[in-house]
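Structures follow.
Look for chain A in each of the two complexes below; its partner is chain B in the first and chain C in the second.
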Partner chain A sequence: MNLKTPADDFSIIHAWDPRARILSLMLLIASIATLQSINLAILGLVVSLGFLMVSRIPLQHAIGNMRWPVAFLLPFLFILPFSVRSDAALSISFVTISLRGTVLGAMIFLKGLAAVILAQVMLGGSSFTTNAMALKDLGMPDSLVQIFIFSYRYIDLLGQELQSIFRSLSSRGFERRSGRRTAIVYGNAFAALLLRSHERSERMLQSMLSRGYSGHLPHQTTRSMELKDALLGLMVVLMAISLKVMEAKV
Partner chain B sequence: MAHISDGVLPLWMLVAGAAITIILLRYSLHRIQAEEIPKVSLVTAALFVASLVHFPIGPTSVHLLMDGLAGIMLGRRAFAGVFVALVLQAAFFQHGGLTALGVNAVNMGLPALLSWQIFMRRKGFASRFASPRNEYIFGGIAGGVAVILTSLMVSAELLMIGEGFREIAILVLAAHLPVALAECIVSSAACGFLVKTNPKMLAGRDDLTI
Partner chain C sequence: MTYAVEVEDLSYSYPNGTTALRDVSFQLDEGGSLALLGPNGAGKSTLMLHLNGLIAGTGSVRILGQLVRKESLQSIRRNVGMLFQDPDDQLIMPSLWEDVAFGPRNLGQPEDEVERNVAWALQAVGLADHIDSSPQSLSFGQKKKAALATALSMRPKILVLDEPTSNLDPRSKRDVVKLLNQLQRSNVTTILSTHDVNLVPLLAEDVLLLNQEVIARGKTRKIMGERELLEEQGLEMPLFADLFEELREEGRYNGPTPFTKSEAKDALESIIK
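And then the complex of A and B:
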């Protein structure tokens, strides 16, 4: 898994200091996610698409990552028009579509999409490890950052191990079916994976201790924040504040 | 549907979720030793990978939550493990919003801690009803209860937004019932496997540092 998103070219987002990028874009995401106006939610989506263009992250890549959030947000878009009580926008026989519910569902959907796009811009500008180190610089506990980095480091490897466990089960005639038998086989497969990961963690600890590990991440020199990083961050924070000011005036 | 996306929850709920998560993270990481970090990391990675596997239910398939098994494996460190797994899911798959991370961590991390406590109860139970099946029984209960509690919390949060969200809250609850049943059997089998192969890996042993 690679967090750094494929950009056509090196963009201003990729050159931006990760600390300023994470802090300011997180504020913008929070500002958009808590808007209570459909017009401002549309504006939020436009802003996030603007950031996506600036980041040069391919649109196809961004859309490909929206499967899960869209699956979660679609029920709001389709259920709220029928479940929220208000003046009817449309009545056909016994079915009443509420205007307030339609607007609420659309607003949640648009805000969700805008936030997902901005999250990809925020995290896609550098590797996962660089982002994690930026979080450490922003005050996240050292032990938690280490868990992030070590977990990420081993996900691909453990994924391959689980695939090999399931391949081995398939070669012995196991077929995935809905039922108790499959659940038991899954439980045993997951336990085997946990067992291997536990044994690997012990070897990993010995290896780390032999290289002087004392429970802390080695100090890494982070790049110094330049004026352009701070100015870019300030501009994004002002955008987040502006959205809230506009919301208060609506 | 246990991972709430951005844009759904009101500000006060996001702030409350973040505050509770910070408190629980401090509790979960309290006095963590250097030698625990690789174990917590790799078990978290293994559970993350396991939660990506499709489990067939009828004509469709679901993803297991694995928060119960996280509690059984990691004890009090489970909340930190769940939090890390949620950040990884949000970062790589946009599964669950970044602003809703605090609420999502509470929804999955608290049941993980409860599962740990349920699984610990097997020791008191074993003194009265000694049975080699205790790990199967308590593992299954812990796994199933974690999923039910997670779905109840997500449903309650949706209900708190407004009455219009009642149908979606019911949908969330109904969608998780088969997941709870599957996870109950999966956790039970996993605990049974581990108690036979390496019982020290399960939370609640006497020499446990975490």
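And then the complex of A and C:
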């Protein structure tokens, strides 16, 4: 998922304090994810689509980010109707579609989709670093926040280095097979990557120290939480609670 | 007299026992420019790391009169900006703006000053339009300039540059030379290492020839004109100088050794006449 979600324009989600946004939307995601009613799961999806519209994140970008999560969720939709034993919703010849399986599959799919959409809204409203810093403000340990930030930058670089290692192997006639030799070559390639990563991390640290790094990321000035941020957060929390109350009444 | 950089009897060995530097001593005036030349493994990068207190050997290093030691590191790093050889080692944050702001923020600058310095540094290297770009989306030349901006944003009085033009295409190389010349004109002291001997006369007034120990120190035009000395260290003369020194040896030229294109043109005209 591309966490740096562009928005067509600045929206109320972007203006919202990231701490309030992350905390309240996480609660809403948890509330939707634990719903046990298909009707409420549909409502949860509608709510999440509403947030997506308000956030003004381009639909194409949002759909692009949902490719892999949807690929993960789709099997539930198609496998559970045939694998869960319950009353038949439909029976054609020897194929029986289970009612409970269909509902269960649809519920998992809908809730998953809603959660992925809300996660995009939650993280797409500000830069990766701002989100990470907001998590720090919410109590996440500093070292973990730094790992997040630096990993985000270096995962790409590690991928490039691994690619160059495999290119160099191919250039020398290496072909992937399922034998012991392939396993050994792969082991060596990953060891080389680890070694390079270690050396790079030492050079990175030197470059950071040369710019005054002392073990802590300097805290960016985050604006103080305003009443409207808290109210918006409260509104989202109330939505999360309402879903659970409605579920209890059903 | 206070020097910008004063190194005295500096020696350093790697943990595996390999000697990197042996009794290295030199001084550099404020606003001066010095090129470190030497073969691979000569200790150039190791010497540079000492100037920012990133490693410590025996002997002493003084920056603007201040001894480099644990207690003075923050102040030293405020004054000495470093450009590392591989820009990917230096660009660590998710966006260019955050990367260039990393140093000033570490120095505890107020946010409005950080913003001013970041804007200035990005403008200076010509990347003002890439403020929100992620480092991985930049070309190698842009990454090199971005890495330079991360050092410039701290407004250092001394710039230490490890191979500032390596792996750059000709245009990017010209851009970097132009930028460094501008900084030198504004009295920023520069120390750089390079294997590109043709660029040395354009980038530094002085040369320090290093091969674990100081082999020679002097004006660029003098050192870069000494073929034997350079070849002993596995180096070579700049192309124009090399050509006209050969012509001199053949008795076909007797003017001053040219180091730049315009000097070579003048020298050629004097031969034709």
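The definition used in the following text is that the second predicted complex is superposed on the first by the 224 of 250 C-alpha atoms of A that agree within 3 Å, B and C clash if a C-alpha of one lies under 4 Å from a C-alpha of the other, contacts with A are read in each partner's own complex, and residues count from 1 in each chain.
Here, a contact is a pair of C-beta atoms (placed from the backbone, for glycine too) under 8 Å apart; a residue touches a chain by one contact, two chains touch by 3 or more.
On a predicted model such as this, the values are computed, not experimentally measured, just so you know.
*Asks:* Using the touch definition from the top, say if A:S214 reaches chain B (first), chain C (second), both or neither.
*Replies:* both
*Asks:* Which partner does A:A240 contact after superposing on A: first (chain B), second (chain C), both, neither?
*Replies:* neither
*Asks:* Applying the touch criterion given at the start, work out whether A:M204 contacts chain B, chain C, both or neither, answering first, second, both or neither.
*Replies:* both
*Asks:* By the touch definition at the top of the document, which applies to A:L144: first (chain B), second (chain C), both, or neither?
*Replies:* Once the two structures are laid over each other on A, A:L144 reaches chain B alone.
*Asks:* One more residue to check, A:T129. First (chain B), second (chain C), both or neither?
*Replies:* In the superposed model, A:T129 contacts chain C only, not chain B.
*Asks:* Just chain B (first), just chain C (second), both, or neither: which does A:I57 touch?
*Replies:* neither
*Asks:* Quick one: name whichever of chain B and chain C touches more residues of chain A.
*Replies:* Tallying touched residues of chain A, the top partner is B.
*Asks:* Contacts for A:V47 in the overlay, against chain B (first) and chain C (second): which applies, first, second, both or neither?
*Replies:* After superposition on chain A, A:V47 lies in contact with neither partner.
*Asks:* So, A:V84: does it touch chain B (first), chain C (second), both, or neither?
*Replies:* In the superposed model, A:V84 contacts chain B only, not chain C.
*Asks:* What part of chain A is shared between its chain B contacts and its chain C contacts?
*Replies:* Common interface on chain A, chain B vs chain C: 128, 149-150, 152, 154, 200, 204, 208, 213-214.
*Asks:* Give the list of chain A residues in touch with chain B in this complex.
*Replies:* Going through chain A, the ones touching chain B are 1, 3, 26, 29-30, 32-34, 41, 65-69, 72-73, 75-76, 79-80, 82-85, 101, 104, 107-112, 114-116, 119-120, 122-123, 128, 131, 141, 143-144, 146-152, 154-155, 158-159, 162, 166, 176-178, 180, 182-188, 190-198, 200-202, 204-205, 208, 213-215.
*Asks:* Considering the complex alone, what residue numbers of chain A touch chain C?
*Replies:* Chain A reaches chain C through residues 4, 127-129, 149-150, 152-154, 156-157, 200, 203-204, 206-214, 218, 220-221.
*Asks:* Where on chain C does chain A make contact in their complex?
*Replies:* 49, 52, 54, 74, 77-78, 80-82, 84, 86, 88-95, 98, 102-103, 105-108, 111, 134-136, 150-151, 154
*Asks:* Show me the residue ranges of chain B that touch chain A in the complex, using the header's touch definition.
*Replies:* On the chain B side, the touching residues are 1, 3-8, 10-11, 14, 25, 29, 32-35, 37-50, 52-58, 64, 69, 73, 80-81, 83-85, 87-88, 90-100, 162-168, 171, 182, 185-194, 197-198, 201.
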